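Please go over the structures that come below.
Okay, so chain A shows up in both of these, paired with chain B first and chain C after.
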Partner chain A sequence: MAGIQLSNLRKQFGTVEVIRGVDIDIRDGEFVVFVGPSGCGKSTLLRLIAGLEDITSGEIRIDGRVVNDLEPKERGIAMVFQSYAIFPHMTVRENIAFGLTIRRENRKAVEQKVAEAARMLQMENLLDRRPSQLSGGQRQRVAIGRAIVRDPSVFLFDEPLSNLDAALRMSTRQEIAALHSQLKTTMIYVTHDQVEAMTLADKIVVLRDGEVMQAGEPMHLYHQPANLFVAGFLGAPSMNFISVTVAAVDASTVRISAPAIDGFAVEKSGHGFTAGQQATLGIRPQQLRLAPKGTGPLNGRVVLTERLGSETIVDVRLNSSDIIVAALPEDTILHPGDAVSLGFDRAHAHLFEETL
Partner chain B sequence: MTLERKVRLSGLYLFLGFIACIFVLPIVFMVMSSLKPDLQLLSDSSSMRAFLPVGDIGVDNYRDAFSRAPVGLFIFNSVFITATTLLLSLFLASIAAFSFVFIEWRGKAVVLAIIIATYILPFETVAVPLLLLVNNLPWLSTEGVTWGWLNSYQVQIVPWIIRALEIFLFVQYFRDLPRDLVESARVEGASWFQIYRRVVMPLSGPVIATVAILKFLEMYNNQFIWPIMVVQEEGLRPIMVGLLYFFQLNTAWGEIMAYLTIITVPVLAFYLMLQRAFIASIASTGVKG
Partner chain C sequence: MASRLTQQNRAGWLMAGPAFLLIAAFLIVPFLMAIGFSFTNQRLVSPNPTEWVGTANYERLFGFAILTLDAERDGDGAVRLKDGAPVYPSLRSYTRNREGFPKYFRKRELFSFASGDDRRTFVLATDVVFLKAVRNTLFFVMIVAPLQAAAALGLALLINRKIRGINFFRTIYFMPVVISMVVVSMLWRFIYDGQNGLLNTLLGLLTFGWFEPVDWLGQTSTALPSIMAMSIWQGVGFHMIIWLSGLQTIPASLYEAAKIEGSSRWQTFRYVTWPGLRNTAILVMIIITMQAFTLYPQIAVMTGGGPLDSTQSIVFQMVERGYGRQDISGGSTISVFLFLFVLSISLLQRWLTREK
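Then we have the complex of A and B:
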């Protein structure tokens, strides 16, 4: 078991810098999820930690030890690849035992550890099969089995679920969560799926273009996103953003106005805002409520409704022509063209200094 | 099976059979001719009798061939030289390609480009410099250090071990192997050599077979000019040089056919051994296109 510290980590491929000064502190036993859009450098960051790529500058510590120049095998890590990367010419048993036989561990001990891992992953009856005779989910479990038998101090997962179908993804996600609570080993998990991030993580690190946008507990990031990017990335449907102008500021509230909405005050500490500046108002679709005709601050017409069962997603074109998405109770009956008025709890509105 | 399909299939088989005949007939001709006296051999060659065991059939040509040249020795030399070169070539070319593809080191792109570029040099252009070189190389044997490699096995083996083509074929094949396999083996703790031996080579059957066949043909069938240049001692000569024994004064066609038949036996043995891998390699390169 081990904590990991990344300090001012940078990685260049040729002249392109893809990791630009990343600082992350991971506690021993923590489940950390790196999340971000495609190409933001999640895999690269993971590969730097694994030692599969050399870092350009900065420092990586695992368990207090600087590992910058250590080979992958000297870092005490195990990694599960997106492609699973299990060896096609070996049986499941040989695959799982690979790391142990490479180290010439005692044969009895190897057999015992393989059996244990197989029991844990419910694949005792598959041990003599070849990978070509396995389903995607089973291959995935072989890859996980190969990682756990070595009893590493850190697990690295690179989008382990992205090749599975939706149902299998959900059950495997739960298995990985169970695995973590059982092993209590530090895990770093890369995904571009914010649902996986929210459900699995003790700590989420949101990345964009090789930089950390925000790091913290999932609910903290959800409720207090530090910037528009994090606010828009976490939560489904995405947060609504409306361009506003700051009209007045006092100690605890900021009064805003915009073409789309009637002027009103949000309860945000006034620090950092000055009257007259442009800002962005963020409201989660779940915070929006239907208000009696004409009484809400947001008025417009329905363009689209999607009934999801648990809730109904309604797209509304505001009078200012902005589109806003509301997640309303499942029994809401609305049709395209209906005029609606939407209100929300001002305590849950977010105000960002950034502009769209 | 519909009639139309039957007709189509028979047509296909007929065509394939015809192609097969084109390849097999010269061998039949060779074997049949080796059983006939020279005069009959020449007169038969203008008719279908050339492919049939008719007339004055016997193994005299084989007896004469063996008495004219040390056939067994030549075959041994060729098999020994070919096998040694083949094994060293497979090992060294694959491990070189492994380093080019999987290991990061400064300047490897340039080095690989230079190696590939040497492929365009025909052997004739380097033959003389190579001769001068091998004439001045040291060798360590039971007699201590000796200088100059002329008249030896190593002079027929070492210069042929690696050529750009073998490295190139392995490089191309390795580049298509999933990188994740190598990386996960690294994370699992395997050394580079363990990755080479336990992960990469077991997955390289098709390219190993391809290189083995190319190398076999190059070494067993085509070693002629170089051995003449560097080996004067009869006991070290390979089969193709041995062929010259039959072209002195008047050419003994029957004996030549007998000699060729004998030296074809190791080729057939090698092909049978590699047949499955060979077909697999053709099939897989076909799929990869």
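Then we have the complex of A and C:
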């Protein structure tokens, strides 16, 4: 069990800086998810923590101890790879016991630990199989088993579900969540899938281009994204953005106007806007609802509808020619070309200082 | 449909035809002819008609007899000694006596050993040179195959890294392979020269003149080992490339997983690299063994089988008989023997290395 502190962490490959001054504080027992688009440096960050890559500058502390120059095996970590990285010529049992075998641990103790891990992962009946006889999900469980028997103070997961099919991804995700609540060990999990991030994390760290965009509890990030990137990254379908102009500012609200919409006021929420400034309005598709014709602030025509069963996703071309996406109740029936008027709860609208 | 299929077949045969004809003319037909010739007394050029001789050629190749002789004794029954060693009756009195000892007729001593007090067993063979060639070739294979495979693997491990200028080393190690063995043999004859050879000069320099020059190819004890050393050097680059290709199929994540588990360099080789090279190892061993059995150009260029038949090889004898002595049937017999011998060794290797 251990907390982890990353301070001003930097990593360069040649002249390319892929991690640019990252500061993250991870509490003991926390489940942290690094999320971001591909190339954002999330896997590199994990590999820096694991010790598979050397850091260029900065500091990594695990359990209060600076581990910058320690070998991976000395850091008290275990890692699960996207490609499973289980040894193809060994049985499941040998794979799980690998770390213990090479440390020449007592045979009985090894057997006991392997049995314990197998029980935890419900794979006692697979112990004598070879990896080639296992499904993807089972292979990933072997990799997790190999991590468990090390009794690490930190688990590192590098996109562990990416190679699994959708159904398996969901059940394995739940297993990982159950594992965390059982072991209560610090876990760091890297993914590009915001659903995994939202469902698993105690804390989400959103990364872009080697920098932390925002870190915090999942619902905090969802409700109060610090910037356009985080706002657009979390939530599906993505948040709608509309360029607006700040018309007037008072103590608690900001009045905005734009060609697409009739002017209205939104919460200021700590930003220092000034009148005349360009800004971006963000509205989650789920916040939009149909309004009586011509009454909503957003008016346009339906371009496309997708009925997902639980909801209906409607793409609407506004009169200003912006396209916005609305997630409407499942029994909404609209056809392309229909004129619609959309309204939303002002309290749930986001206003960003950044412009598109 | 059927006509289209046959038409395509015809086109296919037409395209494969030239290659098939060449393979038939230069591989399949000679192979079958060699088998046929080995049962005749065919000569390269002869006015006499060829006769069918059955298995006589094979009997001559492998004909052997065992003769145990008691030491000669003088009048009062004491063993006669010469220079402290017992004196045995002349072998010629047995091997040149067609009437008295047809079993031993025209056989020569292959080797002998003491088989009791004042008693010696002589193993006599019809074709001593051939059996020596077999022995030398086997010795050559047994030394060259493992050493060359191991050296090639060592080099492959060395060059399987991402460091600056690695292609330079890859090229250097591979260079001897692209030079003809005949040329290499010529060069090494100078290196091994007993007077001013590079090797003698170098060893002399390194030992400050203490080293006495050796005629490497001129004495029975060093001739074959010298050829072995050169052969290993010449072929090692080729097998290095095969090992290298095998090494590069092992996923990097396996090495990373091993590193995280705290595996030492040796353990990583033992548990990750070597099992991953299994199929490559089988390939390399079979290729090396087959190549080593066809030892010829080195012998032909460097020693011609000498001194005292210490570097005779199977293929050298094959050529020597077939063309040197115009005894095509004798050469064919050896080639059939070599084919069966190498085939059975390859099958044995396949069987020993089968998937269990």
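Everything that follows uses one rule, which is that the second predicted complex is superposed on the first by the 353 of 356 C-alpha atoms of A that agree within 3 Å, B and C clash if a C-alpha of one lies under 4 Å from a C-alpha of the other, contacts with A are read in each partner's own complex, and residues count from 1 in each chain.
Assume contacts are C-beta pairs under 8 Å (C-beta built on N, C-alpha and C of every residue); 3 or more make two chains touch, one makes a residue touch a chain.
Note that this is a predicted model, so its numbers are computed, not measured.
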Fit-or-clash call for chain B and chain C when the two complexes are aligned on chain A: clash
Chain B versus chain C as contact partner of A:Ala50, first or second or both or neither: both
Partner chain in contact with A:Leu351 - chain B first, chain C second, else both or neither: neither
First, second, both or neither for A:Arg103, with chain B first and chain C second: both
First (chain B), second (chain C), both or neither touched by A:Lys73: both
Clash with chain B (superposed arrangement) - responsible stretch of chain C out of 6-14, 42-50, 78-86 or 114-122: 42-50
Interface residues of chain A shared between complexes with chain B and chain C: 50-52, 71-73, 77-79, 81-83, 85-89, 98-99, 102-103, 143, 146, 150
Parts of chain A lying in touch with chain C, wherever the complex brings them together: 50-52, 71-74, 77-79, 81-90, 98-99, 102-103, 143, 146, 150
Parts of chain B lying in touch with chain A, wherever the complex brings them together: 104, 178, 180-181, 183-190, 194, 198-199, 202-203
For the chain C and chain A complex, residues of the former touching the latter: 251, 253-254, 256-264, 267, 271-272, 275-276, 278
Contact set on chain A toward chain B in their complex: 50-52, 54, 71-73, 77-79, 81-83, 85-89, 98-99, 102-103, 143, 146, 150
